[in-house]
Amino acid sequence: MVKNEKMSMEEFLEIREEVLLQWPTGNHPALNLEESIKRLKSVPPHKNFAMKLRKAKKEGVTLIQPRAGVARLNEHIELLQYLEKYGQADFLPSTIDSYTRHNRYENAEDGIKESEKQGRSLLNGFPAVNHGVDGCSKVYEAVNVPLQARHGTPDARLLSEIINASMWTSNEGGGISYNIPYSKTISLEDTIKYWQYVDRLVGYYYENGIELNREPYGPLTGTLVPPSISNTVAIIESILAAEQGVKNISVGYGQGGNIVQDVAALRALEEQTNYYLKLFGYEDVFITTVFHQWMGGFPSNEADAMGLISYASTVAGLGNATKMITKTTHESEGIPTKEANVQGLRASKMVVNLLKGQRMPDSKELQEEINQIKKEVDSLIRAIVKVGKGDIAQGVVNAFKEGLIDIPFAPSELNNGKILPARDIDGKIRILALGNIAFTDEIKEFHRAKLEERARIQKRELSIQMTIDDIYAISEGVLVGTTKD
Amino acid sequence: MVKNEKMSMEEFLEIREEVLLQWPTGNHPALNLEESIKRLKSVPPHKNFAMKLRKAKKEGVTLIQPRAGVARLNEHIELLQYLEKYGQADFLPSTIDSYTRHNRYENAEDGIKESEKQGRSLLNGFPAVNHGVDGCSKVYEAVNVPLQARHGTPDARLLSEIINASMWTSNEGGGISYNIPYSKTISLEDTIKYWQYVDRLVGYYYENGIELNREPYGPLTGTLVPPSISNTVAIIESILAAEQGVKNISVGYGQGGNIVQDVAALRALEEQTNYYLKLFGYEDVFITTVFHQWMGGFPSNEADAMGLISYASTVAGLGNATKMITKTTHESEGIPTKEANVQGLRASKMVVNLLKGQRMPDSKELQEEINQIKKEVDSLIRAIVKVGKGDIAQGVVNAFKEGLIDIPFAPSELNNGKILPARDIDGKIRILALGNIAFTDEIKEFHRAKLEERARIQKRELSIQMTIDDIYAISEGVLVGTTKD
Amino acid sequence: MKTVVIGVIGADVHAVGNKIIDYVLSENGYNVVNIGVLSSQEDFINAAIETNAKAILISSLYGHGEMDCRFMREQCEEAGLEKIKLYVGGNIVVGKQNFKDVEKRFKKMGFDRIYPPGVKIEEALENLKEDIGI
Amino acid sequence: MKTVVIGVIGADVHAVGNKIIDYVLSENGYNVVNIGVLSSQEDFINAAIETNAKAILISSLYGHGEMDCRFMREQCEEAGLEKIKLYVGGNIVVGKQNFKDVEKRFKKMGFDRIYPPGVKIEEALENLKEDIGI
C-alpha cells in the first residue's frame, strides 16, 4: 500500500538495481551514484535549473521555455542550439517521444533507425533512454542554459536516472499528472511509487549538496481543466515530492482563457502550495510557478496562433509566473519546425519583456476569484486527506476511485470521468456536470448559478453541447462557444 | 482671428467654391451638395462608419481597422478587398499619400504615373484627390464595410469634400493633430479654420439626415506622448468639431506601453471627452474610443512585432476601446505587403475576440492613474481656456505660442518643443523636462518624483539620454530603456 | 443501425477528440464501439469482428500514426475483414507536411479516407453516410 | 570641427530620428546644421554652401525617398559642391525591399553611403569619421 513516506535508502537502492536493468543504457559508469554526484557538482549555476529559477524569482521576471525533441541525437542538439540562439530560450527541454513514455524502448529503437534511414524524425520526441547517458550528456554539453526532461511517462525511473546523471537539472512529471492524462490502465499506487522513486533520487542528490528542480505537470489534459482541480493535483504532488526530500519545485498551470481567472489561479497556486507544504510540515521548499500557453486545440491559422501565444504571454507576465512554456504557430498541425518554434519564443519573449515589473493590480474581482479557487482546493484536499485516513498518497488513490477528484477528458480508466466543464459568460471555466467531485454544496451552487447565467444570456440549454462548443471555441477564435443549432 | 464658432452657411459656401477649384477633380457633379446628400443617404447601415460604431459600442466589442493605401486605383481596391476578406477588417481605411497631404497634387500625379510605369506603388498612400469622386466611389462600391480617409493633412478640405461625396463615412484628423505632428510652418489659425470647414461639412450633412463619423487623430507624434497631452488635444478637437455640428466622434489614443496607464488613459479619455462636451454645452454627441497599436519605432524581427501587436490588442480589449488601429510585422521596414497586413489584422482579431467581455477590473492603481491623467488634462484645459479668454480655438493658438501645451518631438515650429518625456520605473510615460507646460506645481512635483525614483533604481542620471534610451527601447524589446554607457 | 469501431491507435493518449467522435456519431444514429486510447491494430480488428462493424475509424494525434498504421489493411484482410472501410484522421504524421503527399502514402497503405488536421468529425459525417449508410 | 548638414527630405515630417541625429552628432564633436523636416534639395545644398559642410546626411523615412533624391548629386555638382559626401538613411523606399537592390539604385544616383532601416545613427558614426574626420 502506497504511503506518503520517505523511501528508505535500502529500498531505493534495491529498486534501483532493477531499474537500471530495464534497458542496456542503464549500465553506464556515470550511473554509479558517486560518479553522478561528481558530475552534477560540476554544473555551473547558469546551467542549473534550480539556481536559475531562484534568480528569476528574485528578479520578478518571467523566463521562457519551448517544447522540442526529435529522434536523432545530432538533429536534437542542433534543434536546441537553434532555439537557444535564435529563440532566446531561457531554459531548454528535451521532449521525450511517446514510445519511451510507455517504456517501449524497442519501438523507440526502431523509430531512431527509421528516422536515420529517412533522414527525418519519425518520432514525436527525443528517446533519451535509448541515447543513454552518453547521448544525453552530449546534449548537456552543447547548450548554455539548464535542461529539463518533459514527457508524460508513468514510469520514468530509468529515464530520470539517465537524465540526472547527464546533468539535466530538472524533470517534469508526477504520479498523478503523468498517469491520469497519459495512461489508460496503470494504477495510481504504481505511478505514485514510481514518482516517489524519482523524487527520492532528487532528494538523495540534495542530501549530497545538489539542488535539482522538479515540476509537477500542471495542465493535465489541457482541455477546460478547472483551476482548482489542476492546482489540487500540483499541491499534492508537491507534498509527495517534498516528503522524498525535493527542495525546489515549480508548480504549473495551463492557461484557461479568462485573464482574471488565470492570474487568480497562478496566485492561488503559489500561495496554497506554500501554505499546504508548511501545513504538512515541509518547511524549506522553494516554490515557483510555471504558466503554460493555451494547451487545448489551437487555431490553424498561423497569425491567429501568434495572437493566442502573445495573449498567453501577457497573462503570464501580469500573473508573475516565473516560467512560461511556449507554443508555436504549428501547434494545430504537428511537431513544429525549429523556425516556427523560434517565432513562438520570440513573440513570447517580447511580451514578457515589455511586461517586466508590470502586474495585474489587485481588485475585488481578482480577489474573489482567488478566494473561489482556494475554497475549492481546500474542499478537495480536505476530502483527499479524509479518504486517505490522514495519508495523502492513500487519499489520492481512494479519491480517484470514488470520483472525489475527477479530471475532465482524461483517458485513464481510474478516473471517474463524470465531470463536464464549461465556460461561464465571462469565459471562466466552471463545472457543468459535477459527478461526484468533493465540493461543498455552496461551491456546487456557485458553479450551477454561473452556468445558468450563461445559458440564460446565450439563450441555450445546459447540456454537453456547451462543453463541446467550448472545446472547439478557442481554435475557432472565440472564448465562449455559441450553440451550433 | 479663429474662434470656436459655428461657420455660417454663407461663409462655408463661399469658401467651398474656392476649395473645389484647387484641383480639376473638384469639378464633379457628385460635389453638388444635393447630389452628395442623395448619394450618402443610399449608404446602408453596415457601410456607415457612424452606425457601425454605435452598434459596436452597444455590444461592448473592439473592432479592428488596418492602415492601407497604394497609388493605383485597381491595386488599392484589390488591397482593401484582400484585407476585408482575409484580414477580417471591420473597417477599411484609405491611407492618403504624403504629397496629397501637402496638397501637392502635381507630385501625386507624377507618382501615379511613375507607379503605373513601374508596376508598383511609388507613393506611400492612396492619392484620393487625384483619383477624384469617380475613383473613390469605385473604392466604396468594392467593399462591404465602412470606409475612412486616414492621412495627416493640414488642409484637407478638398480631400474631405471628395471622400464624403464618395460615400466614405469617416474622416480622421483635426486642426491641431494634423498640424503640429505633420507640418513645419503652417499656422494653427489656418489649420483650425480648415478643419472647422471639414467639420462644418459633416455638420451640414447631419442637418440633412446623414450621420458621419469624425476622428481626431490621437497619437500625435506617436513617440512617448504623455496621455494627458494627447487626451487634451482630442478633447479640444472634439469640442471644435461639435461646435460645427458633428455628432459622432471617435477619440484616439496611442499605446504607451504600461498596461495600467494605457487602460487608464482610455477610460479617462472617454469620460473627460463626454464631460467637457457637456460642460461646453454640446449635449448629444456620441463618443467612442480608438486605440492605436504602438505608434513608435517597431522591432525589426517579425515575431517580435507580432508579440507587440498582440500585446497592444490585449490592452485595447481590456481597456474596452471600440476600435483599434492595427500595425504589421513590416512596420519598421516599410509600407507592408497585403499579406503582412493580414497577419497583423488576424492576430489582433484573435486577441480582441478572446477578450470579448473581459475588462481590466477596477483597482486602486488604475483609479489613481485615471485621476492623475484627469488632473493633468484639467490643468491643461484650464490654461487653454484662460489664454483664449474663454474661446477654446483662440486658447489653443495662444497656448501653443506660450508652450503651455507642448507636443514632444513634433516637427512644427509653432510647437514650443521644450518638453522631454521619459518612462518611470513601471514604464508609465512621465515628463522629464517640463518646459512651460501648464501643469500645477503638484503635478510637476509628481513627475519629478516618479523620474527620480527611476534614476535612483537604475542608478543613472536624469538626462536626455533617458529619453533617447526610451525611444529606442521598445524596438529593442524592452519597455524602460537602460543606460548605454 | 450501422456499427463503427473508433479508437486511438498506438501509444497515443489523446482522448478529447475520441470522446467527441463517440458522442457525435452516436447522436447521428450510429452504433459506436469505442475502444479508446492506446489501442493496437488487433484491438481494432477484434472489436470489428465481434460487432460486425462496417467501418473502422482510427484516430492518431501524436505523430506516430504512420508507423502505427503500417499493414493495417493486410491485418484486416487476414482476419477476414475484406470489405471494411478504413478511415484515419487527426494529426497522422510528424510535423506540418504537405497533405497531398501524406494522403498518397496512406492511400497506398489501403486506407479509404484520410483526413488532415483540423477536420472535425462533424465534417466527415457525410462521407460515412455515403460509404456505409446509417 | 567639421560641419555636416542634416535634415529630412521631401514632404516627410518624421522628426524623431532627426532630433536624435542632431543630438548624437553634436555630442560626438560635429558642428551640426539641422535644416529639419520638409526640406528640399535646394535647402540642403544652400545650407551646405553657406556653412562649408563636408557631408550632407539626408533622412527619408516616409517612402518617397527614391523620388525625392533623384538628381541630388547632379544638383550638388551644379552648385559647386563637387566633393561633398552624400549619405542617405531611414526607410528610403516604399515597402520591405531587398536592400542590395536598393543600395545599388542609390549608388547609381551618386550617394556615397546608403543605410537600411534600423541602422541607428550611432552605428554610422564610424563611417563619418572615416570619410570626413572629426
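So that you can tell them apart, the chains are marked A, B, C and D in the order they are listed, and the count of residues begins at 1 in each.
The definition used in the following text is that a residue touches a chain if its C-beta (ideal position, glycine included) is under 8 Å from a C-beta of that chain, and two chains touch if they have at least 3 such contacts.
These numbers were taken from a predicted model, which means no experiment stands behind them.
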(Q) Just to check the components: without subunit A, which chains are still in contact with one another, directly or through others? (A) B, D | C
Q | Centre distance in Å when subunit C and subunit D are each reduced to the mean of their C-alpha atoms | A | 66
(Q) Taking the mean of the C-alpha atoms as each chain's centre, how many Å separate subunit A from subunit B? (A) 45
Q. In whole angstrom, what separates the CA-based centres of subunit A and subunit D?
A. 55
Q | Centre-of-Cα separation between subunit C and subunit A, whole angstrom | A | 30
Q: Return the residues of subunit D touching two or more other chains; collapse runs of consecutive numbers into ranges.
A: none
Q: Hunt down the residues of subunit A that sit against at least two other chains at once, touch-wise.
A: none
(Q) Building nodes from the protein chains and edges from chain pairs that touch, which of line, ring, star, complete or other describes the result? (A) line
Q.
Can you work out from the touch definition every pair of chains that touches here?
A. A-B, A-C, B-D
Q | Complex interface listing, subunit B residues touching subunit A | A | 257-260, 299, 301-304, 306-311, 313-314, 318, 342-351, 353-358, 360-366, 425-427, 474, 477-480
Q) What residues on subunit C touch subunit A, complex-wise? A) 10-16, 19-20, 23, 36-38, 62-64, 66-67, 91, 93-97, 117-118, 120
Q: Within their complex, state which residues of subunit A touch subunit C.
A: 98-99, 101-102, 104, 107, 110-111, 114, 120-124, 152, 181-184, 221, 223, 296-297, 300, 330, 332-337, 340, 409-411, 464, 468, 471-472, 475
